[in-house]
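Have a look at this one before I ask anything.
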Amino acid sequence: MTENATMPAATPSAPAPFLIGEAMTGGYGRGADILQGCTIAVERGEIAVIVGPNGAGKSTAMKALFGMLTLRTGRVVLDGEDITTLSPQARVAKGMGFVPQTRNIFPSMTVEENLEMGAFLRRDDLRATMEQIYGLFPILRDKRRQAAGELSGGQRQQVAVGRALMTKPSVLMLDEPTAGVSPIVMDELFDRIIEVSRTGIPILMVEQNARQALEIADKGYVLVQGGNAFTGTGQDLLADPQVRRSFLGG
Amino acid sequence: DDAKIGVIMGYTGPIESLTPAMSDAAELAMIEVNDSGKFLEGVTLVSVRADSTCVDSAAATAAAERLVTTDGIVAIMGADCSGVTGAVLSNVAVPNGVPMVSPSATSPALSEVEDNGLFFRTAPSDARQGEVLAGILQERGISSVAVTYTNNDYGKGFADAFEAAFTGTGGQITLTSPHEDNKADYSAEVGALASAGGDALVVLGYADSGGKGMIQAALDSGAFDTFALGDGMYSETLLADLGGDLEGSFGSVPWAEGEGADAFAKAAEAAGIVAESTYTRESYDAAALIALAMMKGGEPSSAAVAANLLDVANAPGEPILPGELGKALEILASGGDVDYVGATNVELIGAGEAAGSYRYYEIKDATFETVSFK
Amino acid sequence: MRTLALFALVAALILGTGLLQSWNSALLILNMGLVSAVMALGVNLQWGLAGLFNVGVMGFVALGGLAVVLTSTAPVPEAWAAGGPRLLAALGCGVAVIAGAVLVWRRLPKRLRGWGVAALLVAGFFVYRALFDPAATAVEAVNPAATGYLGGLGLPVLLAWPVGGLLAAAVAWAIGKTALGLRSDYLAIATLGIAEIIIAVLKNEDWLARGVKNVTGLPRPVPYEIDLQQDPGFVARAADLGIDPTTASTLTVKLGYGLLFAAVLVLLLVLAQLALNSPWGRMMRAIRDNETAARAMGKDVTARHLQIFILGSALCGIAGAMMTTLDGQLTPGTYQPLRYTFLIWVMVIVGGSGNNFGAVLGGFLIWFLWVQVEPIGQALMAVLTAGMADGSWLKAHLLDSVQHMRLLTMGVILLLVLRFAPRGLLPER
Amino acid sequence: MIRVESLHRHFGGFRAVDGASLTIKTGSITGLVGPNGAGKTTLFNVIAGALPPTSGRVLMEGEDITGLAPHQLFHKGLLRTFQIAHEFSSMSCRENLMMVPGGQTGEGLWASWFQRGRIAQEEAALLKKADEVLDFLTISHLKDEKAGNLSGGQKKLLELGRTMMVEARIVFLDEVGAGVNRTLLNTIGDAILRLNRERGYTFCMIEHDMEFIGRLCDPVIVMAEGRVLAEGSVEEIKANEAVIEAYLGTGLKNKDMVG
Amino acid sequence: MDVLNALVALANFVLIPAVAYGSQLALGALGVTLVYGILRFSNFAHGDTMAWGTMCTILATWGLQAAGITLGPLPTALLALPAGILGAALLVLATDRMVYRFYRAQKAKPVILVIVSMGVMFIYNGLTRFVIGPDDQNFADGERFVINARDFREMTGLAEGLALRSTQVLTVVTAVLVVALLFWFLTHTRTGKSMRAYADNEDLALLSGINPERVVLVTWIIVAALATVAGVLYGLDKSFKPFTYFQLLLPVFAAAIVGGLGSPLGAIAGGFVIAFSEVGLTYAWKKVATYLLPESLAPEGLLQLMGTDYKFAVSFVILVIVLLFRPTGLFRGKSV
């Protein structure tokens, strides 16, 4: 592990963050530990961005927060409640929304059904939310009767994000939401993410388009080999020459 | 001391619904022998069952091999289907010198198989029944028929024999169409047969399998009203299920005139066995013959069975009916001769197969009524 | 290590059979186990290596059996005289029509070719039937109870094994050319159907191999037990060993088969292992994993699929020929998918697909169980009913049902094995 | 090198590629950009033989290659990567690379039985090469890991690595950059430039990162709704009104509301 | 020329039987297709599930008959159906708990599940025979015919008869209803959609809050109901015999696959393709032609394209041809 430039975000004095994965250690099945005591946290109304080299464990950390792999040590706390042992479904019920990096759509279902599935646990009227999403990604409205598996790469990504937004989550986790989307959509997407976060919903995302992402981030984590390498505000990280050179492409 | 007899039948597979009754009948004969207390000094007959699967020669061979080499059986009552019977015969029975008596393998091809004098059967070869059935049709003045047979060596051999006999006497066969047993649907076969036409449909199949399916489909669509039935079709369940509609249909079945069959029916009923099922009589006879041959040879050995089976089955000697095995044993013990008649009027010809006498029956009021014996 | 241990277990099972039941049973299981292992090897090539879901094993096994008849039985001159040449002409005509249809399909412009092919096929069909029907009837009329077919070439029966492989390969080629574009279960049902068609032909074309009337008394590559029993030299040797001549003769014959089969299996296994561990095997695994990517990486997926489909089917053909030789008869009615296709699949999956040793192990183990579940089931029932009162209804019912315990026991054992080794006993790598 | 002439590819009634015509010059690094769903990947698929065109032609150095199978094109030196990674998931990373080169002796069944020596030699060479590529992609520690267990970005790297195993003439890269760390992407960019200059590879790459495109590509072709919208240098494209409206956009609106 | 007679003959021997048989296959295929579509494996135990469900129904029917309860002209078995469905549901749910769940958790490959389902098939096989034995059971009562051939001839004065069985009508109606219902259920209800979502992408379904165990439970219950209904209707029309139900598996799979695995509409289409090719292509056209052609042209031969010995073969040839043009079935099914 490289040097710990800054302390992890959660300091005992401050009010506990809305979602925090503390000192998480664990891996897939019986394999080696991918995460080595990594800590990720996000506050209400905040955007936290995780960056780092490929294979650093960013996606793994997200999955760990979502209960998709068992942690050997560490814990996950949501809104003051320890949810380390809850199943992923139970976490969805608690309002967590997640867009995985890969396999993030239902390929044989139509775009509209994909969105509906996002709102599976909601009992209220979905139409308004669905309209909002079509407004955000107009192309999806045209394609709403088409099977999502037939879409282009960027269109699928839009479906995936749309699906998560349909949950009306209390915390939103996005794993590389902008991979493969065109600049204009990316801007739209970031705009929307900002909007969402302003309604008080904490947002945690992994990004390789790190420069743009950190610009809108309140907090940035640099993950290397499963551990926190740097942590700071988005601007801090952007300003740190070492971070720029090693992780943001100069 | 035990003398073990292998009962190799297809307890699983296409004729699994026939085999339990057949085995019961065979064991009935063994029980009768044991209960008489007159069998070889202190020897008890024990039945050892094994599954022939009817269709899987390899499994049947393995089962037979186990019975012969592990359980040490001295004779085999079986097997049932002609295919596995041939396999067991040439792969197990002949190499080990164990005699086989099959109650139901009726393929004409088995007459010519290399058996080293070890193969017998109490069911007649189908070549004979073909002639009988053709004769019955002629007697009734039916000259044009459609034929369906179960697509195996029994059905095919039977159909060939029937066709030769029937056309030989000037009859016309509009269409011969095989059917597979236990299939989901027989409309195609019935459609083709109906289109070909004919005064009656000759059904050479199994009563609880494809043959019944064919008849039912033909009745349902009104394709045929009259059916001429081969031996495999003789069954009470057929009457129970379709009886009323079969009024006026007729057929042939290997049978002995009255006495033997009646005696068997009574004995079977007393023992709670379904006597009226196909090949139960043949099974009883097969087991009885094995026991008598041992008695005659004076020892419970394979050689004794092989050497004496024809002897006890045929004249000269005192005729023996089912239920009289005790008497037969007594006669043999005192050095006398018996002529086993049994439930099917056993008369082994050639290399040891049943000559076959047949009952010509007609279905009236949902019962089989005997017309005559052939 | 695991491999060794498991093979030792199978050996122990077979030896146990020898000690507890009889050596004849043990050898018989071993022999069929060897044959099954060859079949499983073939299926493993197709599925484990290339991901081809071939459920037509039965058809290729049956073709191997047909090869034995065609190679080793004596020709029937009367039948040849009655209609042999005409029959061959009809078959030639049939092949020509199909070849013509393929040609037309390739040459004609898109709009016309559907009609062109249909017209040619219909016309060809009638010509074929006109030629074929009388010839077949004539051949089949020649002493139907004993012959009624053209007979074979009268060659040594061992030759039938490679011929069985070739015959299966040829048919596999034709199938592969048409159906290999299909994927997973769609390919499965197509091959299953084709296997049914092959069996239907074997059952109904009496001129070929007597159809359901069966061909019995096929020649053997090993001596007959009777002959051995009558050979004084053999009897003397048996007496030296302290075995009675009957047992000695049956054991000798089975041992003979066993050695022949083992030789075939070892040869095929070595070849399969060499291929698996070479770039060829790597390419096949790549194709199995992701066809699109393999194509983009320059691999001719279609050709490779065809190649391995033919190879695997040929193995099944060889095994089929071996099995028919062992049985000494060809009985088309006995070919059932459950026994000749799905049981082989069970062998491959339980053994561990993708691993040749796994397939072979599965072949032995599952065959052993298939044969031994009957006594196991009976024993189980005996134990179950031991405590019950004699004459109770339940006891009688249970004892009556003992035969159905055979398949049930098989099912239970299968589930247990897969429970503790979900990827097979010897998983791939 | 490649000329595409009024190419169409329709899915049912939908025209994914709708009469695109373009030329990729030998020795160039051509960028292909355009909004999501413009038909870029579909165009690649048609050129690389993965999809048959509805109509139109593709020429490679004057030779009509329309409708050739992917494996035939591979042997003509045309390679491609996939937007959604197509790794061989149950094989190790090393094997993923080693299987690539065509014409290996050991791919013949006969040779695999009777030419073990020669195969061993070839394998040794392949192994060395594969390890070099893995090293370059910074994933050499994963050489024996199953490719299916890689992270999203690592899979894309492997995808790229496969094109580096053989001598290619033209390589089509479908969003190699998506999901790849920017620092590493710069290294990859360097490698592409090197392959282009030193070995004369022609590249055609779909990419949404305009910075990356700007560093490498000239010319840039913009597609929209299945057709070519514009073509030119990066600067020209960035200034093109139509392109800005359809593709580039004008940047974040809400940016100042955070932080 | 006698068009009416020709039509009646054709209807009686080809159309009606094929439609009825097709619906029977379709009902079976629906269950297979559902398991494939949602749980993603080819369930070999389906034939025996049908047998088990039917057996439970038969036992209940006997009970009802013994108690003197019947349905008048309709078969009593219909009244006993719920009991049969319950029996089948209990069996498959128990199986799922003890067997399939383990492999789901392991994310085992579909082929493993196929083999596992064979093991289950063996067990069901033994269980059914253990309870009711291997014999044929006839449990149909009520009116067998809507109209039988003889009555039809008398009524219309035509030479040809037309028979229509009540079970045939019942089967066709049920099949159409069930398909429509299932289609609607899968595409329009929350539960149905969640089932499809689960089938598409299990992990993502989890992330959407879909409870996989519930999906599996609902699937199995529907499958049990479908299997029982299919088995009972088939048994009423033909008869019940465990071995035949096992044999049904093959045409049922053929129907499901040619229609497109995972598609309820495909199951119906597939059932008809198989049934019509079996019954239609081997039909001897002699009778129809005799009615249609002038006497001078009356056909000599049977005008039969193929012997019925090849009916199964023919239907498989058709199947392969369909698949060559539509590699994933008529309704573009799935493939795992």
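Things worth noting here:
Per-chain residue numbering starts at 1, and chain names A, B, C, D and E are given in the order in which the chains are listed.
Going forward, a contact is a pair of C-beta atoms (placed from the backbone, for glycine too) under 8 Å apart; a residue touches a chain by one contact, two chains touch by 3 or more.
Note that this is a predicted model, so its numbers are computed, not measured.
Set side by side, the interfaces B-E and A-E show unequal numbers of C-beta pairs in contact, with more at B-E. A straight line joining the Cα centres of chain D and chain E is 48 Å long. If you average the CA atoms of chain A and of chain D, the two centres end up 28 Å from each other. Chain centres here are Cα means. That of chain B falls 74 Å from that of chain D. In whole angstrom, the spacing between the mean C-alpha positions of chain A and chain B is 76. Shared interface positions of chain C, defined as residues touching 2 or more other chains, are 203-204, 404, 406-407.
Shown for chain D are the residues in touch with two or more other chains, of which there are none. The set of chain E residues that touch two or more partner chains comprises 129, 134, 307, 309, 312.
By the definition of touch given earlier, these chain pairs are in contact: A-D, A-E, B-C, B-E, C-D, C-E. Interface of chain E with chain B (complex): residues 9, 12-14, 17-18, 21, 24-25, 129, 133-136, 138, 144, 148-150, 152-153, 161, 163, 165, 234, 238-239, 241, 243-244, 247-248, 251, 275, 278-279, 282-288, 302, 304, 307-309, 311-312. Residue ranges on chain C touching chain E, taken from their complex, read 47, 53, 178-179, 181-186, 188-190, 192-194, 196-197, 200-201, 203-204, 337, 342, 345-346, 349-350, 353, 401, 404-412, 414-415, 418-419, 422-423. Across the complex, chain A is touched by residues 11, 33-38, 40-42, 83-84, 138-139, 142, 149-154, 157, 175, 178-186, 208-210, 246-255, 257-259 of chain D. Touching chain A in their complex are the following residues of chain E: 190, 193-194, 196-197, 199-201, 203-211, 334.
Across the complex, chain C is touched by residues 11-12, 16, 20, 49-51, 55-59, 61-63, 65-66, 68-70, 82-84, 86-87, 90-91, 94-97, 107-109, 111-114, 116, 127, 151-153, 155-157, 160, 178 of chain B.
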